[in-house]
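Okay, so here's the structure we're looking at.
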Amino acid sequence: MPDLQVATRRAADVAVVEPKGFINAHTVAEFEGVLNELVEAGDVRIVISGAHLSYVASAGFGAIMGLIEEARAGGGDIRVAALTGTVAHIFRVLGFDRLCRTFETEEEAVLSFGGS
Amino acid sequence: MDVPATCECLSLVHEATRRAALAEDFDPAVADEIAVAVSEAMTNVVEHAYRGEPGHAVRLRFRPGPEALRIELEHRGAAPKSLPAGVDLGRLARERRRGGLGVHLMRRLMDHVVHEELAAGVCCWVLERNRPRSRPPSPGSES
Amino acid sequence: MDVPATCECLSLVHEATRRAALAEDFDPAVADEIAVAVSEAMTNVVEHAYRGEPGHAVRLRFRPGPEALRIELEHRGAAPKSLPAGVDLGRLARERRRGGLGVHLMRRLMDHVVHEELAAGVCCWVLERNRPRSRPPSPGSES
Amino acid sequence: MPDLQVATRRAADVAVVEPKGFINAHTVAEFEGVLNELVEAGDVRIVISGAHLSYVASAGFGAIMGLIEEARAGGGDIRVAALTGTVAHIFRVLGFDRLCRTFETEEEAVLSFGGS
């Protein structure tokens, strides 16, 4: 188990990104790389599932912040699901709930994009 | 305790801090917050004070006091000229910025956050988290 | 937890281990011993497995079990061809040797010490310290 | 406070070395350097005072082991005083009490060399 592993799945035309472990300034490159590739490929309907994150430092939230408007400009969005514990707390504390839509479950987040 | 000033040490600093906070009887959720704040300070030293250069060190100290747990990160890098007073997330996002949240997060998670210059060339991040108080009974508050 | 394989991280590994052992209810003196043993294993990986080369990592895991605290240090360096069975201090001193005590000390401080090859190129030091047992009353032992 | 500071004092013709902090493979060079210099200068009546050591890993004991016969060959010795807690325990566990004379206090260790 490395400090961070990032899996990507597809649910219809939504890309579900599932980081496992923790995101800090050391591991963020892995997470940011996956998001970057999706956005650059025009794959801009993105759900980040936080179910397997133990913690996320500001660098991880920064990666979302830096790409969300690009995703929106391309007709998509970055939405977040299944945050728990400290991750959910820091998300709120940073005010990310005003920048980024969140959902209780991955399914709800995927459905929120509507079919295509 | 001297720690290499590299991001590769962040997870270990996080874990050592979390356990230090647990040992001081902070709740697990609060210990996680303290650990995140200290990791942010460490990241700040690595990336801003030492500008990512290798070969530097951070001196990490846990100082439990009666009112608060104080954590110090002493370094010999650059002092910030100024620190952001707050953040405007919407603007940072529109500007495609990927950083600028570190100091803000430290301040939100801790009760006291300052960057001090101890001596010429010696700086220190000081972070404090107050211990929970057993609330004094406030007279007439019973319903 | 991934840790840079350098001796500069030893103090932080020591401290994280000590606190992990305390959190598992080992006595402070025993927690110190466990921390020293884990520091020895880390030193072994840095100096022998990676031969002091920079840029490598050790994966550190604390695995508390019902009978023992198990600590694993996984690495991708060289496996020892053989390990010293014991040490003859007097001889080492007469030969002006400054090393050769690390594995011996790990074994003296822990209840179980092995170096395993998990897969091709992946090795692991496994150290276990048993939890103290509340001694079962032995019949007729009262004097 | 760095991880290790090594002070050297003189008590008559005995050199008292007082390491403060902890000795591991990272900090041992500092400790070994001080011992080396003494032995090379023929200053071979050495007392190591352990009163301010929090722990000593095998590297620290190795430094003593590697120099003690050199000090003896020069008519001196390396003796150890005021070990406490884990340091004293590891000293015994490694069998160093058979290699190296120990004393409760620095004064006793200094006196053990006899006057000159």
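Letters are used for the chains, namely A, B, C and D, taken in the order the chains are written, and counting of residues starts over at 1 for each.
Please note the rule applied: contacts are C-beta pairs under 8 Å (C-beta built on N, C-alpha and C of every residue); 3 or more make two chains touch, one makes a residue touch a chain.
In this text, all values refer to a predicted model and were calculated from it rather than measured experimentally.
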Comparison of A-B and B-D by number of C-beta pairs in contact, larger one: A-B
Approximate Å spacing (C-alpha centroids) for the pair chain B, chain C: 31
Distance between the centres, which are taken as Cα means, of chain B and chain A, whole angstrom: 25
For chain B paired with chain D, centre-to-centre distance based on mean C-alpha positions, whole Å: 38
Interchain centroid distance [CA atoms averaged], chain A/chain D, Å: 56
Numbers and ranges of chain D residues touching at least 2 other chains: 3
Of all residues in chain C, the ones touching two or more other chains: 1-2, 8, 11
Topology of the chain contact graph, where touching chains are joined (line, ring, star, complete, other): other
Those chain pairs that satisfy the touch definition: A-B, A-C, B-C, B-D, C-D
Chain C-facing residues of chain B, complex: 1-4, 6, 8-9, 11-13, 15-16, 19-20, 22-23, 57, 60
In the complex with chain A, residue positions of chain C that touch it: 1-2, 59
Touching residues (chain side chain C, partner chain D) in the complex: 7-8, 10-11, 14, 29, 32-33, 35-36, 39-40, 43, 46-47, 87, 89-90, 92-94, 96-102, 104-105, 108-109
Of all residues in chain A, those that touch chain C in their complex: 1-3
Chain D - residues contacting chain C, complex: 3, 22, 24-26, 32, 55, 57-59, 61-63, 65-70, 85-86, 89-90, 93-96, 98-99
